[in-house]
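The structure under discussion is supplied below as structure tokens; questions concerning it will follow.
By letter and in written order, the chains are A, B, C, D, E and F; residue numbering begins at 1 in each of them.
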């Protein structure tokens, strides 16, 4: 078993923003997901609203897009990046596999692209997380037991370390 | 079954920041938690570093504290609040209950207090989420399969709706 | 004719943020409006979208709410204020009075409230302006000749200087 | 009559930040204008101040330059852009054509340049709008009936869609 | 000799934002100063400009005022505070006492007030520092050897710890 | 004696962000330093803490790194830049040369790199200044007479104007 290396720490263990100036600028893309677990009633009301009026998913989408652009301001060792596209998709799942009985889900998938020297995993994860927090904020008056779960990288392409797809 | 109400939507379903000017300013406190699941090797290296040098948990703590102060800038319908204290505690669990085999955990608990007209749940959840994203960022070169999970409100006190403690 | 006084300038003409610590904290409210003039086709497409799918007005509403909270960060001499509510209403007018022939309008009205020592005119005007800029951004691929016009304070209450209502 | 297309909406009508990674990076320039209408007395005092002391136009200039850099943080679907120059010119017009009787004007013109994949219209319009809001803030103690008007793109060059000059 | 205590560290040495909710809200004021040392030529040009045209001191003043409002966003353990006034005064000293031969000075004094539970030392020091950095930025094409020096708290009043005045 | 030129002012003395679009994008690097003078007791406690627990230097390091990324938001005429690396080193000097008797020092050195059209002096100076302000904030309960001093550019490379090294 080899010891993991933390590229954000120098050899004394101090945090730093690593030098990426020697890396090639390539097209990079990352997809991240998050899930908000809540009651079936809340999910039904959101789904109903999405059809005829409601702003819950629309507000969360905007919050996620804006958060992607603020990633390097929130996560201390992230590089500022010229993001070229962001999309945040939200959908509902009334009976998610593996969830506790009676819990339904709002599913969030954020996709971020850039042409740059570092990947956009953190941007996609930040977009998904902030979209999830925004859903939470809008629904918390109706359910105090919500959980944000399964915030994870789903796919990644571009860059020297090769493509990644989350194992099933 | 009564239909859930969304206080952040007006009667046409449009988003708004709800009026809290009539609510009493009371002392309010919220505790939120998040978990980062990664390999036992990464957790061991972080724990080791925490003893003799490492900045992973220290950087995540600062990021979480700063994120608490930026909550109303990130979550569109949150009120700006005069936060009076924030702490973010991080610890490691080499064998977390219920986690997939071989996965170890970094546990995050954020506590936020204010004297104000609305609660600080979102501030505590945002602090925990951004601390988790920061841990993720610093460890992603060592593990691409990390997951942020169980982001949830743990306790809440103050305000008209009464105290809350997450059911076991 | 008396010379106007500029409370944001000291007696040497230098900018400063004026001292409000001696002013009473009262409930204050301001309503501001803005208009985006564009083609009848764009307005019809937005109105149609608002019924069945579209995000133009929803995105602008979120942008306006968030901008209200950032007013003191944008307008240098504004005081930071604990905003207690913000709403941004958007509607369309296919044939606005006084507009050039063939131009239709998106109408924006922002309402901001606080309990504080200074008024919220600038917060309401900033919300309306940024909502208008966001509408502009989303429609500019369809009309390059848009104009944002009639950005003005409509009503104001609270504070020592008395209530204000824009003359007809 | 063809239906206008909104490039910021996907085919379900959901907001997104459009992908610009395939567009060529070219030199781009945009000029936007805004007008603040106020009393002749206010305009005279500003003009007088501009000669011997005053900070009104200077503060508005700085606010406009800083706002240009924050455009993608304010307007949700704007791309972050490496702005290469910003200037904001302010002047006064004691008797503007077409204005209501007795109203004088502060004229604002913002010019923004970049070498990038999208235009800088929104940056120029945001700079002009925030400079206008700053003038408003500094003069509102002297005139409650001010209006910000004629916020519009004046010229644009660079990019695939060709040059633009506002029709007279 | 007693060991100094660091109120921003908990008993394990971890950073936290200390709880101020039990402290009394009183009127608080802080004055901080900073000095920029540069050549006599640069100082003469700034002083000359200040009389007839120049924007160097005016731009620095605006930057300092805005920075005071962003203190809790920059300094991780600072509380957000409802600042009630900020002023930043800049002047020149062609022959400052104690400076190296041939060096002249731009003197900066920032005054910040609030009614709150913590002092505004950091706000005043941040305003003075950012005003100094802005002077540096505008003059660096004319002098590469500039130094920012003597950034210090000058006076402080309000709060339980009593008034402070810097010893001569 | 030639009159110094201020590239940030146009020929009327008005502030502007200068056009850098014609400048070559080259690798650029800047090193800036700052010193915090305080008591020997505070420095000893920090040094002791740095060995076994303390967060003072770690928190200041993170604050400095984040501030480097926010330079163009703080210093009005700075260009936004794609920073490729930042490191902030902190150390203590119990008996700094030239300091008043009994004063010890925390030494800060910030290094910033980019590949771009303008230098990163301001980014390095801002990182060093904000790290110093953060040290000040964490130690002010133990020493009210602290001073931040000797904030200066130490080295600079890349760009047309040639390399720079501060004279001894």
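FYI, contacts are C-beta pairs under 8 Å (C-beta built on N, C-alpha and C of every residue); 3 or more make two chains touch, one makes a residue touch a chain.
Everything quoted here is computed from the prediction, not taken from an experiment.
Enquirer: Looking at B-C and E-F, which one has the bigger number of contacting C-beta pairs?
Expert: Between the chain pairs B-C and E-F, E-F carries more contacts.
Enquirer: Determine the centre-to-centre distance between chain A and chain D, using the mean Cα coordinates as centres, and give it in whole Å.
Expert: 33
Enquirer: Between chain A and chain B, what's the gap in Å when you average each chain's C-alpha atoms?
Expert: 15
Enquirer: Could you say which residues in chain B touch two or more other chains, in rising order?
Expert: Touching at least two other chains: 14-15, 55, 58-59, 61-63, 66, 70, 76-77, 80, 82.
Enquirer: What are the touching chain pairs in this one?
Expert: A-B, A-C, A-D, A-F, B-C, B-E, B-F, C-D, C-E, D-E, D-F, E-F
Enquirer: What part of chain C is in contact with chain A in the complex they form?
Expert: Per the touch definition, chain C meets chain A at residues 55, 58-59, 61-63, 66.
Enquirer: Which bits of chain F are touching chain D when the two form their complex?
Expert: Going by the criterion above, the answer is residues 10, 14-21, 72-73, 76-77, 79-82, 117.
Enquirer: Flag every residue of chain B that touches chain A in the complex, lowest number first.
Expert: Residues 1-9, 12-15, 39, 41-42, 45, 49, 52-56, 58-59, 62-63, 66-67, 70, 74-78, 121-122, 125-126, 129-130, 132-134, 136-153, 156, 164, 166-167.
Enquirer: For chain D, which residues are in contact with chain F within the complex?
Expert: 27, 58, 61-62, 65-66, 69-70, 80, 82-89, 113-115
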